[in-house]
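Alright, structures below, take your time with them.
Look for chain A in each of the two complexes below; its partner is chain B in the first and chain C in the second.
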Partner chain A sequence: MRKKIAIFLMLILILLFFTGCYDSKEIDDYAYITLMGIDKGVSDRIRLTLQVPEFSKASGEGGGSDGGQNEEEKIDKENFTVDATSVLSAIANVNANIPKILNFMHLKAIVVSEDMAKSGELGEIVAPLVRYRQIRRNVNVIICKGKAQEFVKSARPYLGGLVTETLEDLIERSRYTGFYTDVSIGHLSDEIKSTYSQLLAIYGAINKGENFVEDGPLYEGGYKIPSDFYAGDVPRKGGQEIELLGTAVFDGDRMVGTLTGFEAQMLHLVWGDLRRSVFTIPDPEEPEQVIPLEIKEFEKPIIKVDTKTDKPHIEVKLSMEGDITAIPSRINYEHYMKKRTIEDVFEKYLEEGIQRTFKKGQSLKVDVFQFGTQAVRNFWTIPEWEEYNWLEKITQATLSVEVDFTVRRTGKLTESQPIRSTEGEE
Partner chain B sequence: MQKEGNFGYREAISMFVIAMTIKFFFSSPAAASKLVGTALWYMILISGLTAAFLFMFQYLLLKRFPNLSIMEIADNVLGKFFGSVLSLLCCVFFIFTASIDMREFVEVMKIFVLPESPPSFIMIIFSLSVVALSFMGLETIARFSKFIVYVLGAGFLAVILLSVSNFKIYRIFPILGYGLDRTIFTGIVRSSFFGTITVIGVFAASLHGPREIKRIGFSSILISGIVTSVSALSFVLTFPYTTAQELLSPMYAMASMVDLGGFLQRVEPIFLFLWNFGTFVEVTVLFYAAVMIYCHVFRISDKKPVILPMAILMYGMSLIPRSLNEVVNLWVHLLRQWGWIPYFLPSIFLLIVSKFRKKKGDINNA
Partner chain C sequence: MMGMVCLMLKRLKRLFIYTEPEHKSEEFRFPEDPSESSKWGQFAGYEKKSRDEEKNNTNNDEEQAVSNIINTIKKSSQSFDYKEYQANQTNVYNKLSSILKTSQESSSYGENQSEKNDKNNKQENSDNYKSEPEDENSSIRILRPKRIEELVKNKNINKDSKIKRADEDGREHKNSVNIENNKKETENIRTIDITSDFKICESNEDNKDAKNSKNNKEDSNTGEKKNGGDAKNETDKNKKGIKLKYVSKSLDENIGFLESFYNIPVNKDLIIKKFNIAKRIPACLVYVDGMIDKLIVTQFALPQLMDEHAFRHYDFECDCPLDYIEKNVLTIHQMCRMNSYEEINPQIVSGLAVLFIDGCDECLVMESRGFERRGIAPPATETVINGPQEGFTETLRTNITQVRRIVKSENLITEFEFISKKNNFLCAIMYMEGIANPRIVEEVKRRVKNLDVDYISGSGMLEQLIEDKPYMIFPQIVSTERPDRAASFLMEGKVIIICEGTPFALAMPIVFFDLFHTSEESNLRWQYATFLRIIRLMGLLLATFLPGMYTALILFHQEMIPTSLLSSIVATRVNVPFPTLVEILLMEFSFELIREGGIRVPGVTGNTLGIIGALILGQAAVEAGLVSPILIIIVAVSGLGSFSIPNYSLSLAIRIIRISFIIFGQIAGFFGISVAFTILCAFALSMKSFGVPFFSPVAPATRSNADKVVRAPYYEHVWRPDWLNTQDERRMGDKARGWKPDIGGAQR
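After this line comes the complex of A and B, so read on.
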């Protein structure tokens, strides 16, 4: 009898292990959203665009062109746009019209239109998404020029692969180029409430090659700071349509301005997280020529913030080293006596770049360099710190910058011989 | 004398360390962060020191009455009636704490992992597991804890180490949080965080005398204090104090943010493992202590018939809060803020009365 009862109880217990079968869902019951775009709506408060790429092939290829299928048709099928009151109501609307359940577990980035960001609604519409279970805190946030709807539609995988991979790689590039600041929705939620710093986000745009002038008079305008552009303004043609360059700057949850790619590089240099990057400076002796330098940090930046008065003073000391990668003028800068000229020019170049970026930040009332993270060390308690109100004090702050740059190597050449022709030496 | 099984100090320390530290993985750090801000990590050390100080009175009491449990000491000092009343109050407190902790666990699980499962379903499965382990007895609970503590320790270390890339030193400033006075006061009041150690008084008869109780008690508080303080420090370094106060489970959020080079991410299942087994041990320890007290008061020698009804009671109590907010903002807050009274004061009270009435245990028992 005991044995029979035991078997009976075991059978009942086994049922508990099969509870998952009752409302089980297979992996292909879901439609995985990889990109979400948020614009201001026309027929309702927000316009939400969701990209759901087709992961059809065993090789993992998805979101790209698929043989005979019409590309336009495929893009339309993979991108839903809906106007709704909130993100969740928009999702409910889309869910009602597709045979799969939308899932955000693989969401890679949230794209917010500049209009939406400037309206100060980020804190009401985007930041609350961290509360949603399926959205991870490390989903990236991109602020885009123009419509987020178009940006999402234009995001396609580059040279095969997945769109998520393409975006991940693009965002990862900022560690090497420093052209924008990586931000996730978790950081967004932290920064808009922070007393230390303000929100900086990736700035993106669609670049279809309109800025690329195919024919015309040849350029004779002299030296231009490379990458001193905003996303969408780079004179290029071909490649990815979406372009990430520059940084959107926020005061609270309202976007108040943008930094160019060059200015974003200045931020990374001061933060000490630019591993290796290329800068191009004008040739000191032949200003129409340029000298590209590959630089890297030699020592961590030293930042001191004096908060004894209401007008804080900030001191930044950078120590860099680098290699000359080309000398088009063939002036013998490799020589140790001449090397100093390049070093001085580059030091001044960075000092001016940092000052310029700092002043731009101050004009926007934003601590773009996040010096608050250093200033807070001068305070013992949170009430003292909050009373000082760093975010307000930054507008009155003064900055002094000192850059120490050393040219370590000069590439595979130790000097440049003149070019000889029938006209003699050049 | 209620002696149950035979286990060493390692098993006991494992059991108490898990039971104490697991609470930090839920809403406690956010609530404490609201009170002390960036000073959270050393506020916990203050709580630990206070708990160790308060536990000393229980140790002195157990030393005065060697090899007797706290219920037997209560009977001895206050007489059977008043002793039973005090014991029953402790029993109610333990079962209530277990039910609230179980509900908090279930609600958090529902938010992060099992959004579609009814809470009662998760609670029934959980309660059945507690019942099954309780049927096996205290020795099994202790040995299971020792078995699982290494796995939990490894998981905990993995989560902390993998989160290092998200740490930012500046977040620890201003170092004194909302003020040193507030930190010390909150640290003292929240000593209840380590209050589970007083359950040792219920299990005292199963341990090898006052010296081992001293060793187990203080070592458990020390280890738990260090583990919790390290968790708090990593939490403070990961989230600015303004955000830290908002998060339901900061440690889970930390685990979900791990992303090393794009290939090592989504490691929160490790954390789920910590959650499940840790809470399971904690709730079982409190539940079993309540069963032991109940059986002592009503002189029931076989605990098995009591376990299932008691589990139903625990399940019922855990349904009292109407929402997660009520659990976190009302009940868990009350338990952390005032829990030190039911955890530590009975022992102090008994020690004073025993001194006053010159009651002492049999020294030969030592």
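After this line comes the complex of A and C, so read on.
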């Protein structure tokens, strides 16, 4: 028995000396890339921008001001750009001056410039990365307006923490806002090859406040659809420099257009993965006023695709419910007779929004709603489906939308009453 | 006619004597059965009466009459015996005669005849002569009640005449005795003075020697020499180193043996207290100082024995007053007669007082253990909030009583066994007859009996000697400090061993869950108990895996750590100069050091040390950049986890396993940990405790109660452990809650 134990221990020792540990690396031997930007290169094929944040106690606490270190300096230190033939050769280049091993294990997003995406190089440069062991399939793909280099530099952690957290939270928000789609490199790799759906990607931009007009004539227009902007166009100032809004639309691996935030919301509504979110509709009786509604899905959307003819017909049936969150016009919409008017307006609003988005997709020759995933069910065999060539047929498709909306609650007030003053009722 | 009666009696006696087993003494104790004692009263009523009515002359007369009769019988039979045995045992007789001659010379005795006869009778059977006249009757009566009853009846019927005759005989006998001694004419035997006693005792010594020479035939020559020396000097004997197997009739010889056996002049512990019983018969009390309760010796043994008054009904003619003393004099609750030194010596060293009386080849072993002991205190290692708060102590008898107080059943069997050879360590094997599997009981007894070890000092040592696999990391026997837990083990059908000197009971066979459970859970409602057990299971898993997992994560699987956590780990590790393995082993080591130091440090400072160790050392280590604070959390959590394991052995085992997990995690990450886990499982699952697989109700899935991690309400714990193959499988009826007509009992 003692002999056995001795042999056992010897084997363990041998294991220690000869086999094990060869790929064990201390956690601080690595430098972790959190964000990667890909531009068209000047001196080589691609220009790679990497963000490697310094993990210090300050990054968890102080929010950047680490020992008198300048924020600018820090950004310069943490972001570096290199021209290379491919992503991994770029990594090798970078390691010439970085003592730590760069790795992609904590990569959160790959930012691709719009130029690159429009030139159709996504399938050649980004999609193959999915094979690489260190890169997870759920790394998000962001198409950015302008230079990816700038975008990566501008992507800073918001209110402390890490940029990965900021991005992750931002993308998580889309479940409530629906402004963009959570698209990962795994999707990218699949959908550029797909016969029934086309690639969508998060559309982002740097917004430094150019659209924000500080002083000028006051707004006198009518109702404007909220968040019907492209990324970078939102009139705002301060906060994060980067902005994710809308969806980049691809045909194959070539980017063909973008959808606004509102249009992206319509996509999510039809897919049925929008949680509780706020829509604002014009007041039916006082057009200058609006009524914000907090809506959520009542039943899963029903999508029927008729592929009997060459012109497919798509029927979408949504059923929503919601609460009135405010009635600025003080018209008593809470009354059960008047409730119907709000419901009608909202139904129409959604129907039109969906139709608009669908038309836009058709004009870009893209099945933005990914009705193909439904249409494919009508076919028994893959060759039949491939022969049908859905991606081409979608351009001639017709869509009919039916929305059923019910106001469930009227918020904390049960009845709207006018404001009374010395001038009487308003 | 007298001669005829005597002859008859003598023959009868011899008949009985030869059929009687050697050590009959056990049967002559006070009968515990009251009905039996009434018989006693009938036959030996004079004893009681004499105690009650001291001035009753008729009783005295009667007693004397009987004793006289028997004395006369002796006398008459002496010649008969002598002749008869001369032929048969010439060798012995020759020796004896030579001995007698020497003794005659030394003691100037006139009468050798009667002594020779005594010797002969001794050779027949020692019991016969050691017994007093009334005992002779009783012994005879017990063996063949009817005949002797008749005899006694006859005696009673012919009371008057017999008494007269007895008086005459008595006178004759007394006369002869007195002539032997100082030729005093006294009616009362009690007046025989001490000098005469000594003379008698010397003559008895010779007899004893003769007997010894018979017993130890190889020493017969030396025995003769000894006999020569006996009368002269005792120290000579010591030098020669007498070896006795049985108690000698000679007190001096016994003392000599004991002194040589216990190295008396050197060894100060053994006390041989010499005194005279009723100022007449030399005797000694042997005990180990400090092991006995002095009160028993000084108040309940010595005064009674020395008191003449207590012996006023005793016929000093009889050779051995042992029976009389046992029955009439000593008021000690537990006594036993023994004559083999093999039995006696362990008793002496374990604190019993032994009374040697001159002329008796047996001694009286009195329960007098009264060493200093700790009182019953709350268990130190198995504290519970809800449940009995008493633990075992170091006293075996107290411990057994504590168990017995919980299991009040006639089926609870306690067997005693000396388990070590040199220090005579006693242990009690307890089990429930009718529940415990007899084969397990047999196996436990087999292992305990077949130990050949000089020294054992506690249950921990015994555990190591009887466990199945000494090289296995997990304990195979559970030791508990709590009587209630021991009792519940008994009721499950396990075997309990309690050793003297340790406040722990060993229970076997066990499975993993016995180590995992505490007695608190059975006292708690099932929801709370389940909650506690889940917490404990988490603690167990954390204690086992957490540091290993951490190592693996840090070294191999950085992608599995959430980025923000990674950033804080990296941030804290930046200044640490050591690799993770060194860091974690360093912390584990210091943690174990704090723990061990905290145990060893005396009393009150223990807490301080804990605080110093945990807070200050940890803080300082972090600030000095030796370890990362996350690692301190990891080590602290796993340490807490290991403290949540109720069984001390298991918790130590888990700590060792934890270190191996760290090493395997260091070697090959999660793969290494899974390899280590597989090895551990293979070991644990193949392990058996007294034939029972270690993970029994789970790994060989057998029928069991819902009482592993999740605990069902108590009334559903219907079955005894299936893996014990108990004789009685159920511990509850079909309806454990009989008051609830529909639900409540477990359905079969």
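Some observations on this one:
Here is the rule we use: the second predicted complex is superposed on the first by the 396 of 426 C-alpha atoms of A that agree within 3 Å, B and C clash if a C-alpha of one lies under 4 Å from a C-alpha of the other, contacts with A are read in each partner's own complex, and residues count from 1 in each chain.
What we mean here is this: contacts are C-beta pairs under 8 Å (C-beta built on N, C-alpha and C of every residue); 3 or more make two chains touch, one makes a residue touch a chain.
Not measured: the values here are computed from a predicted model.
Using the contact criterion defined above for the overlaid structures, shared-chain residue A:D23 touches chain B and also reaches chain C. Of the two partner chains placed by the overlay, only chain B lies in contact with A:T373; chain C stays clear of it.
Within the superposed three-chain model, A:S194 lies in touch with chain B and out of touch with chain C [touch as defined at top].
Shared-chain residue A:L162: touches chain C; no touch with chain B. Contacts of A:R136 after superposition: both chain B and chain C are touched. Once the two complexes are overlaid on the shared chain, A:E172 sits against chain B while remaining clear of chain C. Chain A residues 16, 19, 23, 136 lie at the interface with chain B in one structure and with chain C in the other.
Interface residues of chain B facing chain A in the complex, by the touch rule stated above, are 37-38, 111-112, 115-116, 121, 125, 168, 170-171, 173-179, 239-243, 253, 256-257, 259, 262, 265. Residue ranges on chain A touching chain B, taken from their complex, read 16, 19, 23, 133, 136-138, 168, 172, 186, 189-190, 193-196, 373-374, 376-377, 379-385. For chain A in complex with chain C, the residues that touch the partner chain are 1, 5, 12, 15-16, 19-21, 23-28, 30, 32, 34, 53, 55-57, 59-60, 103, 105-106, 108, 134, 136, 161-162, 164-165. Note for the complex: chain C touches chain A at residues 471, 554-556, 558-559, 561, 563-564, 566-574, 579-580, 663, 666-669, 672.
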